[in-house]
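These are the structures, in structure tokens.
Each of the two complexes below includes chain A, the first together with chain B, the second together with chain C.
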Partner chain A sequence: MSAIQPVLNESLGMEFVTNLLPHLINGLALGLLFALIALGFTLIVSVMEVINLAHGSLFALGAYLAMVIIDPSLQNAGPIGLWYLGLPHLLRYAIALIVAPALVAVVGFGLELCLRRTYGKKKEYGLLLTFGAALVLEEAIRLTWGPVEQFLSVPKEISGAFIANGLIYSTYRIYAAAFGIFAIVLVWLFLAKTPYGAIIKAGAHDSEMVRALGINLPRLQLLVFGLGAALAAIAGIILTPIWGLRPHVGVDAVIPAFLIIVLGGIGSFWGAVLGGLLVGMGVAITGAYASAWSLLSMYLLLILVLTFRARGLFGKKTALEA
Partner chain B sequence: MSTTTKQRSILNRALLAGTAIAGLAMGTSQTLAADPIVIGLTSDSSGQYANSGASDRRGMLMAIDEFNAKGGVLGRKIETVHIDTETTPATGSRVAERMISRDKVGYLIGAVSSGVANAISQVAQKHGVIYLNTNSSSPTESGANCHRVKFVWDGNGANFAKAAVKNTIASYGKNVIQVTNDYGWGHDTSAATKALIETYGGEVSDDILVPQGTRDFTAVLLKIQQAKPDIVAAAVGGDDQKALRSQVAELGMGQDYAWINNQQDWPDVYGLPKENLFGVFGTTWYYGLDLPGVDEFVAQYQEAYPDTKMRVPGNVFYNGYWATRSLLEAIEAAGTTNNHDVIKKLEQLRIPAEVRMQHDDAYMNPNTHQMQQTVYLATANTGSDDPDDLFTIVSHSSPEAVADTDADASCKLESFEDTPVNQP
Partner chain C sequence: MLTTKGKAPIVSRQMLVFFAILLSYPLWADAAGLYEYLGIEIVIFIIYALGFNLLLGYTGLPSFGHGAYFGVGAYGYGLAQLYLDAGFIPGLLLAMLAGTVASGLVALFLSHRRGIYFALMTIAFGQVFWFLAIKLRGLTGGEDGLLNIFRPDIDFGLFQISLKSNFAFYYAVALIAVLVTLLLWRLVHSPFGMAIQAVRMNETRARFVGYQVWWIKWTVFTLSGAIAGLAGGLLNVAQESAFPDTMSLHASGLIVMMVLIGGGFVSFWGPVVGVIVYYLARDLLGSITEAWLLWYGLLFMAVMMFSPEGFAGGWGKLVAWVRRRKQGEVLMGGAQND
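Right, the complex of A and B next:
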């Protein structure tokens, strides 16, 4: 009995680890996707101190525009239309990944220009304006593309499934997670290694000093808001092939995005990334072992972190804590 | 003035006065007769069932337009009030209360979510206002949560499970995993399915609860793969179900297990690629049924709603239409809007198959207030290039074959004495 028990325990332990491993990988992938959703949100909050409640609608708009760019209705548009439709799907997808965020950035510019009237006033004004913009954008999407489910088609090179260790995994999910890493690194390089990034970070720390140094602060804010909107659109293009595409899909994005930046510490880039990873891991693990708690897990995680660290994981100290 | 002349004068005045009083009385009665009947449409415009709510509403409005075109009901036009119930029970309750007390609606129609339907029906019962639950298919709606004023028009989870479970277990095996949306309808449907699985010799090895609003089912799908069941019985609805279907199809898991998807609402699948429609599922009606009247009904829909992206009607529209039409016909048959009389008419309702465009006569169960009707088992129609022709009807079961017998035991309707009289 005593000789068998350790072997049995070891076997059960191995089985547990073998079963757990796919869920850990899933959590990591999901976490990267959550981090991707939060990137644009955290950028705008940290530089402009505006909680952009239209983030989810910009997320949805990006996906809808990408859908049109990838599969436009150009059958009757003459030779140019037919030429475009003749391009490889992968190429049209790549074009969508650049053009759709650029178009959403323009919408972001417009929103920032409207927001300017609220600068220096109560924060609620900005909050209300972006909330109103979210409703307008969602309704505009509904009127343009209708309320029914739409599809953002994915090139065959990054779709389908593969089998590893007896389990089927989604190829697209691996691509999406890899793209998440790529986007995170790219944004970090932009912020950390370029003069524009240095100005943005300086603007976040001390906008008055930046203005005193002769930097055009309104233009900087316009740029940041546009960049944040474009990042929301990119997240929409990457996420909606998994979540599905409908006018209110933005609601599914804005709540986790807000939660993640509070969890990671408002204004912290790496806080948002870590927050995304923790939320993704939490949702995936509870999804496997206590599935009814999977969505609730992110809120419990937030309560837990804020109980012991009110400013979030990497948040700056406030005057009261100093 | 002679006596005769005086008498004539008095008579004339009396006649004039009488005419005036009669005229006034007639005028008043004509005004009363011309008062419209106001119906509150309690369908969702936002939330998980926004899309289905819109379809439901279109069905109700088409029936109302039909009656208004022939002069209304009992000589009274029909007007509607719609407020979004937001797929939220608390909102449903608030909307019902407001419609009854402020908008003075005489009847309430509409629901997709069972939680919302239950909330509305509690308010309706308190006020004695007849409420038609058009599209919520939780077994409790005509079971433990039934009410004298409430009538349920959709097939429920038990009906659909009965149509599917026995054959699937016999064909694919006994080991079943359930995937259940973690709210009222999901739990009720799952419980009804589990009871049937056990009745037919199957075993439920796990019940995976998924919260409403779940968009990523990867963890659930990994767990199913690790457990290797023969059958997956899913009770997942609305947007959650669309995400689940798309992710299962992407992994090619639709062919690896026998999927029982309970009911499939048309707005939830319309526009989906056909490969996403794996497994078998139930429905109460399909526009491709080869039955008299179906083509005309579809043409009427297309004429009424030329701009809708949903080019053909589905089960949700059908239920909304039939619930409303049957209510208005019951008022006409009763000759009064008095709720007790109309309820009695609805309890005796029987509609021939050829009128309902189904395979069997449909009838109201007077003990549970659920419409007993044909239930169809369907799967994806991969053989057709028509993007609207999504379903292949595999079989149809008579109302008796799929009857929810548990509901008869659990439903305790309030007496008429305990139901306030209401005559809108």
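Right, the complex of A and C next:
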């Protein structure tokens, strides 16, 4: 970074801020995508009262599926395969961004159908079922795609870097941040402005009452789990070009998601967004000064917040504590 | 449901069976196609799992970061050997102390939490320890782990026993397992044992009755952390090293899995069964397929779906069914109350 030190900044303070700017953009991108993972996670926790430990595996699965959809090995698959490979990279990427989360949502449906047997029993059973599912998914990924690191190829339109004001910015991270905002707004519109969103929120508040009002609760739960899984998959597709794609990459995603949920308050939409931004910024800024310790900042942040606010920033007392 | 009555024999019938298997293992291990070192790891994890079930099964507090205290014990033992040249028993005591201090500190933050918040906080703290183990390279050796901590001799003054042979070390571990089992069995049948079960059944009501719930939760968490530390120290002796992997979320999840697949929620012996099932599955499935974790995960999912009380729960149902058959009153389906 020092090699391209801006000469134009006279004041030390100004220089400090602008040098930090790329890190802040990284933090923003990271935070928004963490928030996206956490949103799916908190939806599932609120409606089904299950901590989905397989969330990270769904994140990884989404990324792997996208990788295959972008660059399938279709050379021998005849004219249709060749036609598909002839499509522009950007178009195939866009297809992957829609199809892979949809496929992961189907896996989520399957997982929810398995989980259904544990409803009404001890909470730990559901949680552990998802832990088993995480093991299974991770092993399945390792068997299918091998243990070595792979790369999700990103179209050239959104990759590369540019120099502005003497500092290097990664185009992809700006795209990632913009996409994060777009996806979060979409989820918010869905939850706040559509009738189905209202039902989901009601289900999170009191699922028995929702059922008593004649809503098909099992179908609602299925949908919410699928939605949560799809959000994890989308975050996976956007984040793994930055992180690299390994079978256990899910753990790197699920841990911040846990922390964000607790930090923001379980069941709170804006808590998850704010928590995500705090964690993303914290990781990026400590990364700028002491990169080896950057991940520790989020744990310390959590412990700090919880010492003063027992239920996180926006948390309310819920049935989940009983 | 895991409930104990106040009165219990000091040594129960199941316990005698367990001790008999435990102490005779090296005699028939080879014939059964097993090996001594496997027995060592199994018994160490049985100690760990029994202590963990005090927290999970008896008090109903799910910890997903218990690998931290296990790992702290392993590192504690290793550091005690490297810097203090502590010897076997003082080293283990220091490992236990390390587990106690670490879990006692964490429990300060956890003991007023319930349910999901408790579980998530244990994950967060577990990750902190795991992270420190990787990053404090000077102390812990980083990702490579703390290596070359050779097995010491036990000095009894008049004579010495070398732990270099797996045979001698197995009996040292088995002896500790017997002590821990007797101790925990007494504990869960003591008035304190009744109190922790009251906390599991209804924390609010336990508080209204007059129990110091915060204090009970702190004590149980710290106690299970101490036992995890002891087991971790033993694992260090077994492997002659300590690795950060023992503290990962994955490893912490596995111990919960072992305890539950055996039936920790319904029986004192659940964790023992679970650990044995895990290691046998690892060795048997592992000899057939590389992806044994896939099959073990599927087995585990099936257990959670169809018989969430684990093997001990299934066994209990079978015993109850046989008993009813004997009495000639076969109840038609669904009359069981679980």
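Here is the rule we go by: the second predicted complex is superposed on the first by the 289 of 322 C-alpha atoms of A that agree within 3 Å, B and C clash if a C-alpha of one lies under 4 Å from a C-alpha of the other, contacts with A are read in each partner's own complex, and residues count from 1 in each chain.
Please note the rule applied: contacts are C-beta pairs under 8 Å (C-beta built on N, C-alpha and C of every residue); 3 or more make two chains touch, one makes a residue touch a chain.
Note that the coordinates shown come from a computational prediction; the quantities given were computed from them, not determined experimentally.
When both complexes are overlaid on chain A, chain B and chain C end up clashing with each other. Of the two partner chains placed by the overlay, only chain C lies in contact with A:I266; chain B stays clear of it. Once the two complexes are overlaid on the shared chain, A:L295 sits against chain B and chain C alike.
Once chain A of one complex is fitted onto chain A of the other, the partner contacts of A:F151 are limited to chain B, with no touch recorded for chain C. In the superposed model, A:L167 lies in contact with chain B only, and not with chain C. In the superposition on chain A, A:G132 contacts chain C only, with no contact to chain B.
In the superposition on chain A, contact is made by A:I242 with chain B only, not with chain C.
Once chain A of one complex is fitted onto chain A of the other, the partner contacts of A:L143 are limited to chain C, with no touch recorded for chain B.
Using the contact criterion defined above for the overlaid structures, shared-chain residue A:R219 touches neither chain B nor chain C, since it reaches no partner. Mapped onto the common chain A, chain B and chain C collide along 117-125, the only clashing stretch among 117-125, 153-161, 315-323 or 405-413.
On chain A, the surface touched by chain B in one complex and the surface touched by chain C in the other have residues 292-293, 295-296 in common.
Those residues of chain C lying in contact with chain A across their complex are 56, 62, 109, 112-117, 119-121, 123-125, 127-128, 131-132, 135, 248-250, 253, 256-257, 260, 265, 290-291, 293-294, 296-298, 300-301, 304-306, 308.
If you check the complex, the residues on chain A that touch chain C are 45, 49, 51, 53, 114, 117-118, 121-129, 131-136, 138-140, 142-143, 251, 255, 258-259, 261-262, 266, 292-293, 295-296, 299, 302-303, 306-307, 310-311, 320-322. Against chain B, in their complex, chain A makes its touches with residues 19, 22-23, 26, 29-30, 146-151, 159-161, 166-170, 172-173, 242-244, 246, 248, 252, 283-285, 287-288, 291-296. Interface of chain B with chain A (complex): residues 46, 50-51, 54, 182, 208-211, 213-216, 218-223, 225-226, 239, 242-243, 246-247, 250-253, 267, 270-273, 309-310.
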